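Can you read through this structure? Questions will come right after.
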Amino acid sequence: MIKLQKKTVDAIAAGKLEKGDVLQAAALSTIQGAKRAWELIPLCHPLRLDSVKPEVTLGQDEVKIRCTVTARERTGVEMESLMAVTMGLLTVWDMVKTLEKDAAGQYPVTRITEVEVEEKRVDRGC
Amino acid sequence: MIKLQKKTVDAIAAGKLEKGDVLQAAALSTIQGAKRAWELIPLCHPLRLDSVKPEVTLGQDEVKIRCTVTARERTGVEMESLMAVTMGLLTVWDMVKTLEKDAAGQYPVTRITEVEVEEKRVDRGC
Amino acid sequence: MIKLQKKTVDAIAAGKLEKGDVLQAAALSTIQGAKRAWELIPLCHPLRLDSVKPEVTLGQDEVKIRCTVTARERTGVEMESLMAVTMGLLTVWDMVKTLEKDAAGQYPVTRITEVEVEEKRVDRGC
Amino acid sequence: MIKLQKKTVDAIAAGKLEKGDVLQAAALSTIQGAKRAWELIPLCHPLRLDSVKPEVTLGQDEVKIRCTVTARERTGVEMESLMAVTMGLLTVWDMVKTLEKDAAGQYPVTRITEVEVEEKRVDRGC
Amino acid sequence: MIKLQKKTVDAIAAGKLEKGDVLQAAALSTIQGAKRAWELIPLCHPLRLDSVKPEVTLGQDEVKIRCTVTARERTGVEMESLMAVTMGLLTVWDMVKTLEKDAAGQYPVTRITEVEVEEKRVDRGC
Amino acid sequence: MIKLQKKTVDAIAAGKLEKGDVLQAAALSTIQGAKRAWELIPLCHPLRLDSVKPEVTLGQDEVKIRCTVTARERTGVEMESLMAVTMGLLTVWDMVKTLEKDAAGQYPVTRITEVEVEEKRVDRGC
């Protein structure tokens, strides 16, 4: 998730950001993150991903991104889903920068945190 | 930072990982993350970066990555440094996957957390 | 522009597409197209783009994309803006595929057309 | 296709362009366009393409590009072929820029038009 | 340079290769190699290149590629020119594969060799 | 291989280079080279690579890189392995630049040479 100031979350919810619809931009970046994990993580190989499903939700003072990635592969896809949510969260940050910065140009509140693998499943039948 | 099991941190320190030197791989990924932020963050433009300096350190049960990015630009480089440390942390995760997974293939401990902008400086003279 | 069936344009306007907000996705792709023109057009060099402004509008039976690109460069930026609108239009196509295909899986109506450089300006003062 | 001035088409045919062989450069860009569609079209996934065959032909006052893409996939490859011909046409534009611009630096004639899916075939046997 | 069998060089000269014009394809790859050096060489940063000029020539039993790269930069551009000629030579190899392989599918003759920096010049006036 | 001055090889062996561990950086670049061959070699298609194993060794006055690439594909993977070792060698060059340059900024000794396909094997059973 990315922790934000409440005023920023309110602005996102109201659709009032100059840079556009934050939640959709984040969803699209999440998908691209999964597709391109192999390029930026040195020992990752490109995998055939069957589906990449982002869920971007607003909380009180945060944006949460969950991404479910499936593939019929011998290798797990946890790096793809981690890269996915990370790119989505960075995209959120970039789009709300102006609101989050204080008078000194610093970010007292903003941080990305709790990026984890919720669940990893293997269906051995396939 | 990325939180890890203590046994994993010990293995990194001892240089005993099959996949290679985790700290250097993370440092190289950190640099590439800064260089390529503009590709994966939709509204980022490519900037001329003067320097990208990663610092990868081991803690008790975590790896910390700090990255200092400088540029003579009108735009700040916080997204470049955020992307940098994020890619470094994801690279660490990928390289220690085997140690961090439990018997059920899950990651009970591993998570990326506290990714923030420590300090943003502007030298108006330039 | 991309010519579409009227029913597709209506669905876009109503925000009823399964794949998401077509106009914003197209705007984001337009920006990325400008940023990456140099990668896919062999003799293009990367340029420092000052601004990339997409305008995505719905017509009766088409989506129009205009993109204004500015740069303080010795070289013109027409290839960047052409690549930009092209990527936006292709993104629209991809997002409305299901609606545009007929029973035989063909595209009787859909086509990208009239991609041109509306105006190229040079301010010699810079 | 890309509409050009007749003098430009004549120069291409005579192989007299400073920037090189336009038709081959266009063919190579066409192939790369197909390979990289998934990178620039947000909801496209990388597919295994079996063959990508460009045909670049000169008309009276235009260059036409057709590209046949085949793959043994569950998904159609129309986006790959559309991206392919588009990149080929943009490459042509870039290579003939100097000839097409008028004294005011504008492009009165040049435009990309009629980009469509000629035929989409599915062989259910595979 | 890339050492080849004489019959292969003859076929290139005669323009009789199925895969197309080898020399131009190599020239285009050379240019792209220079543009993209920073992506694949970890500690390279993107530089503004003023010009990238490939020269692809046929010898008796080899193809030679020289590339002159200029930039108004504080950093040298030797990595860009080395990457450039390397990508050109690899492209040649790929295009003549069928001719170079022997009956056992091996490459008894083919090799890339003598890739060096002929001259590096710095004009301190700029 | 890349030919170097003996003093450079000694510095690599002693781990005394400012830019970091040359052998590991080269190994990581080698892997990335294999993964990305299809992007920079025009007629190469992305292949599913099963394994990419780099071996980076120091000689008296050179660094040798061998890379074994395996894939269950109809196409050979020689281009992937050639691209792999080439990127590894270029990475070595970049990391030892300061040591290899003479007082005039030239490279009297440094060159990449003898890049070849040692062996290509096909297991027809798969």
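Order as written gives the chain letters A, B, C, D, E and F; numbering starts at 1 within each chain.
In this text, a residue touches a chain if its C-beta (ideal position, glycine included) is under 8 Å from a C-beta of that chain, and two chains touch if they have at least 3 such contacts.
Small disclaimer: the values here were computed from a predicted structure and weren't measured.
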| item | value |
| --- | --- |
| Labels of chains that are neighbours to subunit B and to subunit C | A, E |
| Graph distance between subunit B and subunit F, where chains that touch are linked | 1 |
| More contacts between chains, D-F or C-D | C-D |
| Reference subunit F; chain at largest CA-centroid distance | C |
| Whole-Å gap between the CA centroids of subunit C and subunit E | 34 |
| Rounded Å distance, subunit A centre to subunit C centre (Cα mean) | 25 |
| Distance between the centres, which are taken as Cα means, of subunit F and subunit C, whole angstrom | 40 |
| Sequence positions of subunit F contacting 2 or more other chains | 25, 28, 32, 36, 42-43, 46, 48 |
| Chain pairs that touch, as defined at the top of this document | A-B, A-C, A-D, A-F, B-C, B-E, B-F, C-D, C-E, D-E, D-F, E-F |
| Interfacial residue positions of subunit A with respect to subunit C in the complex | 20-21, 24-25, 27-28 |
| Contact set on subunit B toward subunit E in their complex | 28, 31-32, 35-36, 46, 48-49, 52 |
| Subunit D - residues contacting subunit A, complex | 38-39, 42-43, 45-46, 48 |
| Of all residues in subunit E, those that touch subunit F in their complex | 19, 25, 28-29, 32-33, 36-37, 40-44, 76, 78-79, 82-83, 86-87, 90-91, 93-95, 97, 105-107, 110-117, 119-120, 122 |
